[in-house]
Amino acid sequence: MDLIPNNSLKTATPQEGRELALKMARLVIKATQPDGEVRTRLRPEYAESSDSLIAIGQVVATEFATIAAANDYWR
Amino acid sequence: MDLIPNNSLKTATPQEGRELALKMARLVIKATQPDGEVRTRLRPEYAESSDSLIAIGQVVATEFATIAAANDYWR
Amino acid sequence: MDLIPNNSLKTATPQEGRELALKMARLVIKATQPDGEVRTRLRPEYAESSDSLIAIGQVVATEFATIAAANDYWR
Amino acid sequence: MDLIPNNSLKTATPQEGRELALKMARLVIKATQPDGEVRTRLRPEYAESSDSLIAIGQVVATEFATIAAANDYWR
Amino acid sequence: MDLIPNNSLKTATPQEGRELALKMARLVIKATQPDGEVRTRLRPEYAESSDSLIAIGQVVATEFATIAAANDYWR
Amino acid sequence: MDLIPNNSLKTATPQEGRELALKMARLVIKATQPDGEVRTRLRPEYAESSDSLIAIGQVVATEFATIAAANDYWR
């Protein structure tokens, strides 16, 4: 199963780096819970809970730290 | 959808770096829950819960670590 | 709103770095919940909960990591 | 007990790095709870809870940060 | 209030670095909850809860990462 | 009390680095809750809770990040 789109941490811009961070976070959840119906059922559970949304923000921030370093912060 | 204002991690000062960290954290939540009405409904849930406020502080600290490194700590 | 006192990550000593970490963590909470009365009402909620106190410790540790790096660990 | 497949952090690609991160995270859980029956019983508990799935995403992101650095970000 | 013993991140050994991490974590809690009686009352709450003990482990690990970097990993 | 076996972050291999991370995480819990009977009583509480097991995985990942850097990623 695909865990990183294009199998690369390189992105052209910070915006694309954020999009990659979001995708990488989602793909880990998909790998752990491959059943699409269960994931669909869980969606309102996290999308309408502020604590879940904040926790997702934490995961994305952590993934992005790695992506940003890999791209030498797009300097 | 915009995930980083100006598509850049560069800021002139640490203060602007903190503001960017706050914005980046919010934009991930917006990307995950695009319905503005739901986000408005959730606001009291996190803004009046000390644990949610602390968790937001954790996300902002993590985003800021990346922004600070990207700006070579404004040295 | 002020998010970093003196708009600087530079401090003379590790002790001042810790104080800055505490202040930066508090200022994010203030930015998210600007109503001083609500923050005062929340105080016993976190100051008398061991889990909240530990979570605050986690935020401060994360902010301090950035401040310490910015000061080249006061070497 | 094996805690890292092949006793190495080196991987050929980011995709393999993500797979290693997932395995390393699982092996710590296995080391802490060696009873396979208990782990099987716990599976629906985390695979059908959005908060558990997000927390797993956090662990994998943290393991991956180390693996990515070990591989110099596959640059 | 003292937030870092000896106002220094330097330690002679990794063991002393761990002790410093534990002290730094405790001093933040003390700064947030200065009332010694409250802290004493909270002690069984966290010392007999596995989740609180694990969360303390997380804070100490984060503080130690900074201390270890400050000591160039005692190499 | 011993907080790091052999008072060293150096290990011969990544596998030994993971074992050290597990031990370091456990020793912090032991330092915070020195009563062996209480720790034994808590064992089923965390070993049969998926969320506790995931949280332990998070601590170990954080400790390992430091150990891996200290060993220059065993390159």
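To keep things simple, chains are lettered A, B, C, D, E and F as they appear, and every chain counts its residues starting from 1.
The rule is short, and it goes like this: contacts are C-beta pairs under 8 Å (C-beta built on N, C-alpha and C of every residue); 3 or more make two chains touch, one makes a residue touch a chain.
Worth saying up front: this structure is predicted, and the values here are computed from it rather than measured.
K.L.:
Going by the contact rule set out at the top, which chains touch both chain D and chain F?
P.N.:
Under the touch definition, chain D and chain F have no mutual neighbours whatsoever.
K.L.:
With centres defined as the mean of C-alpha atoms, identify the chain lying farthest from chain C.
P.N.:
If we average the C-alpha coordinates per chain, D ends up farthest from chain C.
K.L.:
So what's the Cα centroid distance for chain B and chain F, whole Å?
P.N.:
Distance between chain centres: 31 Å.
K.L.:
Indicate the whole-number Å distance between the mean C-alpha point of chain B and the mean C-alpha point of chain D.
P.N.:
Roughly 27 Å, centre to centre.
K.L.:
At least two other chains touched by the same residue of chain B: list those residues.
P.N.:
In chain B, 46, 49, 51, 55-56, 58, 62, 65, 69 touch at least two other chains.
K.L.:
Treating touching as the only link between chains, describe the layout with one word: line, ring, star, complete or other.
P.N.:
Graph shape, chains as nodes and touching pairs as edges: a ring.
K.L.:
Beginning the circuit at chain C and going via chain E, which chains come one after another?
P.N.:
C, E, F, D, A, B
K.L.:
If we count contacts the way the header does, which residues on chain F are in touch with chain D in the complex?
P.N.:
Of all residues in chain F, those touching chain D are 13-15, 18-19, 22, 46-51, 53-58, 60-62, 64-65, 68-69, 73-75.
K.L.:
Under the stated contact criterion, what part of chain E meets chain C in this complex?
P.N.:
For chain E paired with chain C, touching residues are 2-4, 7-9, 24-25, 27-29, 31-33, 38, 42, 45-46, 49, 51-52, 55-56, 58-59, 62-63, 65-66, 69-70.
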